[in-house]
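Common to both upcoming complexes is chain A, partnered first by chain B, then by chain C.
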Partner chain A sequence: MLEVYVLIKQVPKSHSLRIDKSSGALIRENIENIINPDDLYALELALTLKESYDAHTVVMTMGPPQAESALREALAMGIDDAVLISDPQFAYSDTLQTTLVIKEAFEYLKRYDLLITGSETSDSSTGQVPYQLSEALDIPLITDIFEYKIEGRNFYCQRNFGHESQNIQVELPIMLRVRRHFNKPRHVPLLGIKKAFEKKIKIIDFNTLNCPDYLDGCNKSPTIVVKTEKFIPKRKNQFIEGTIKEQAEFIKNVMKENGIERQWTGI
Partner chain B sequence: MNFQLTEKQKLIRRRIRTFSEDFLAPVAPIIDRELKFSWETARELKKINAWGIQLPQKYGGAELDSISYAICIEEIARVCASTALNVTVHNSVGAFPIYKWGTEKQKEKYLYDLASGNKIAAFTWTEPNAGSDAGGIESLAIEEDDKFILNGSKIFVTNGGVASIILVGAKYQKSDGNHGIGTFIVEKEMDGLEIGDTEDKLGMRGSSTTSLYFHDIEIPKTNILGRLDDGFKIAMKTLNVGRIGIAAQAVGIAQAAYEYSVKYAKGRIQFNKPISQFEGISFKLADMATDIDAARLLVYKAANFKDLNRPFAKESAMCKYYASKIAREITQKAIQIHGGYGYMKDLPLERFYRDSKVTEIYEGTSEIMKLIIAQQILRGDL
Partner chain C sequence: MNEKDDSKDLWVFTEIKDHERVDECALEILGKARDIADKLDQKLVSIVLALDAEQYLSTIKDHGVDKIIYFSHQDLKHYHERIFTKLIHKLVEKYTPSIFLFPSTEAGNALAARVAYKCRTGLVSDVLNLELDDEYGNNLLLTDKPAYGGNIHVKITCPSKRPQMCTITRGTFNKRKIRKSTINIVKEKYEFERNELKIKILGAPTRKDKPSSTLSDAEFVIGGGQGLGSKDNFEKLYDLAKYTKGKLGGTRRPILNGWMPEHLQIGISGESIKPKLYISFGISGAIQHITGITDSNIIISINTDPNASIFKTSDYCIVADANEILNELLEYYKIEE
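The block that comes next holds the complex of A and B.
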């Protein structure tokens, strides 16, 4: 049976995002938290795999105790089991520290065939963990797949690579980082929600893992948030007149002036 | 006392909201305009167990508590009140009585199909000459050997044109008042059932409302729900449950109108500032928010009493009376806040207004709600 893990993150719902002015960090108390939107595509892929292959699906997250609700939501979608990596020692981990803790978790769990992630989180948008984790675990990472099949220990897929598509054959275990809108995440049945709250969530804390010293405490993260600033992109409106051709010509010139130039093939 | 929803209830609210915004928002204006029940929507609702919200898992239901039920109906109504009506009628006055008073055989026969949404249920009582005077129904089921022969008609039947399983209140002997009434399970396939045309209504136009005509329908005795003379009691108790759903629906409509109003008031600039900064508008919004909160809490209280197996006839009447009243008032205020824009069909405010009105009428008018409340409060000591 395939052991499929989906790595998700709980994030604040975008419209309720607020930043603490003194620390520059996101305020995570008393706000609505959701599953990182990109991760829904990863969950959907795992559920599809479960339907087509003999697979046991597990959702995993690292975060504070309230991240449990994100795991429950994933269980409600139909994921079999859930793992929460949580410990005050892991608070304020940056992407590298997070990666290393998750790596230790997988060393502890031992069996895994497929690790699936979304592309990036909506609250920090680094997209670094999938790449770092594949390095840390020393397993291949494949991004942007659109066709796939599994035969035995072989994973066959097609992936987008710029304007090409690549056919890849690789042996499990592997990591997949799925792109946005890769599939259509399913709606959650009410019965799924009911059952999700009857399941037990496996907790992995600092003491469960055989963590090297450098993994305890926020001060060990190499990244330090010095300051958070609001960035307002400058935009301006301009109305263009004339025939379609004249308007196209005008836009072309504006792009050229701004250094955005490309080979025009069509009209 | 705890005013917090549980994590499960919060998740239900969020996921039903997402579902409603994805699937119901695009069809809501269309089914309203075209006076059409959407089978496609019905199919989508099957996938999320919306047709069996509280039925036991054994029959394929989601077996949720009554507050979760109210949350589901509110969230569906917030986007499409018609769909919420179809769902709540099916669940609370269609499937619920069969679960509550049905024999094991009846449950086995009907509840799987109802919980899955393979079949839709309806509950009928109102007749041309019997509305608030519920005991005045004239449909007649005469006993004949091992069956009853049903004749008569029903009007304003919600889900009338789409239901496969229909609970019918009918007299089995000619008598005055609330006696001699039974509840009969009529199946769509039975000979002698005629479905009238779809009624052209002010609101709830995405719900199928029809008349039903019974021409010598042969109903086997196995299709009597509960004891033969329990008809009136079953109807009243069923409506107590149904009213929680209708009240939740009214809260959902009010919530939608309120959200549109807040958004509009903050963005609409007149006299160089957002109109939300004028008390004429902001006080309206404050009233709306307060009324919605109060109504919602009344709904939750009635739902909670139901789950605790405490009497809840008064609570159910109160929440239905209050929620329907504020829904009508709030949807009207919302149009006022939007001014001319609110009166146009481009925005859904006028639909909310039209949809809200009937919540003061069906499953017992507001006047009947006050009658029930008064009866209950005057019965005992202070």
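The block that comes next holds the complex of A and C.
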């Protein structure tokens, strides 16, 4: 049986963001959280695999205890099991620390054939973890795939790579990063919601992993966020008065200044 | 893992695109990196991996570098994650750079993430600005990065691990033509065991050129909204885009009206754009759309309503019927076929 993991993240819904004026930190209370939109395509791929192959699907996330609700939602969609990696000592992990912790988690879990991720998260939008985890587990990461099939321990697919379209063969285990709109994520069926709440979520914490000291995300992350600011774009807000012709003339001049020229094709 | 004390110099991964040209974004980064190198009194080093790499060196020499370190080999014709990661990681261990910058391209992002992992150092992606800062450490690189779809900017440092790594998007900095009087060229020996490769390519790959410019990396974008009023009017935007070599996009409304295909949506559930110039026609400026356009350099908006919220995010605001302005522009830019 194929052991398929989908790596997701719970993120704040982007319109409910507020910043504490005195500390400059993001206010995390009373924020509506959702499954990172790109991860829905990864979940859908896992559910599709389950329909065609003998596969056991597991959704995994790393985050605070409330990230459990994202896992429950994935279970309601039809994912078989869930793992929550959570510990106060993992808080404030940057991408490197996150990768190191997830690597330890997979070494603890031992069996995995396919790890599926979305493209990037809507909160920090780094897109780094799939590449770093591929490096950490020393398994190939395949991105931008189209057709695929699995035969025994081999994964065959067509992928875009640079300016080429390639047919490739690669031995499991592998990681797959799914692009946006790769498929059409399904809705949560009502029956699924009840089932989702009956499932037990496996918790992995600092002690489970018998963590080496360097996995302390609070203190060992190489990058530090020193300031957070609400971004208010500075714009001139200059109103251009005049007739339609004069206003159009103004636009033409700005276009010209930016290298957009009238293309003469001859007289 | 490099600790900061023995590290020096500023490196730029100077990507060769489609085995035919130096990546523009990498040249832009060299422009900014030159300033930082001067302030730090350190060397600016370009890192090149390519097939027949020598052919690109003269272009790179014109962009302010003190040194070029390169590999030239058949295996380096295309980006390959295992080969590139291994070679670059070994170079970092050998020379211990203090700062290492990458263009935010498909290969640049992947390679930077992998190298950062190998070096167990920090990586900040898609930075909007780089400064040297003494508040958080001596001459520490202070990066400015957008998060939460650009609604928030965070400043990030990497105080103790080296190199300090970033990826940078095209158009963030400007190219500078400077040639140093002495440029040190170092050719490194290519060493890689091909049996370390795990992915087998079956059959000959087909060349699949990506569209020369997609919405997200277009330099000039024209956006349309409900204010254009009809499909026929909206069609004229396509013409303007064609004659001016711009890219067309729009809000949710024209898609729902059947005026525009879904993949051209700009905003939170579509593409984010960062052109030099964005002109919006008949767009009111819902937050879903604004989120996707904030990285535009200049924004011109045309709307009949002087209180339209799009004007708050615009440099130049034109209160007029977008169709009338569009007709005026088309008259000027139209190419007789």
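We take it that the second predicted complex is superposed on the first by the 217 of 267 C-alpha atoms of A that agree within 3 Å, B and C clash if a C-alpha of one lies under 4 Å from a C-alpha of the other, contacts with A are read in each partner's own complex, and residues count from 1 in each chain.
Here is the rule we use: contacts are C-beta pairs under 8 Å (C-beta built on N, C-alpha and C of every residue); 3 or more make two chains touch, one makes a residue touch a chain.
Fair warning: this is a prediction, and the values are worked out from it, not measured in the lab.
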Which superposed partner A:L190 touches (first chain B, second chain C, both, neither): first
Contacts of A:D94 with chain B and chain C, given as first, second, both or neither: second
First, second, both or neither for A:A136, with chain B first and chain C second: second
Of chain B and chain C, the chain that contacts the larger number of chain A residues: C
Contacts of A:R72 with chain B and chain C, given as first, second, both or neither: first
Touching partner for A:S125 - first (chain B), second (chain C), both, neither: second
Contacting residues of chain B [partner chain A, same complex]: 7-8, 10-12, 14-16, 18-19, 22-23, 44, 47-50, 53, 57, 61-64, 68, 72
Residue ranges of chain A in contact with chain C within the complex: 12, 14-15, 17, 19, 26, 37, 94-96, 99, 122-128, 131-132, 134-136, 139-142, 156, 160-171, 181, 221-231, 233, 235-240, 244-245, 247-248, 250-252, 254-255, 258-260, 262-263, 265
Complex contacts: residues of chain A adjacent to chain B: 32, 34, 68-69, 72-73, 76, 186-191, 193-194, 196-197
In the complex with chain A, residue positions of chain C that touch it: 18, 78-79, 81, 85, 106-107, 109-110, 112-114, 116-118, 120-126, 136, 142, 146-161, 198-203, 205-210, 219-220, 243-246, 263, 268-269, 276-277, 279, 287, 291, 294, 298-300, 302, 306, 311-321, 324-325, 328-329, 332-333, 335-337
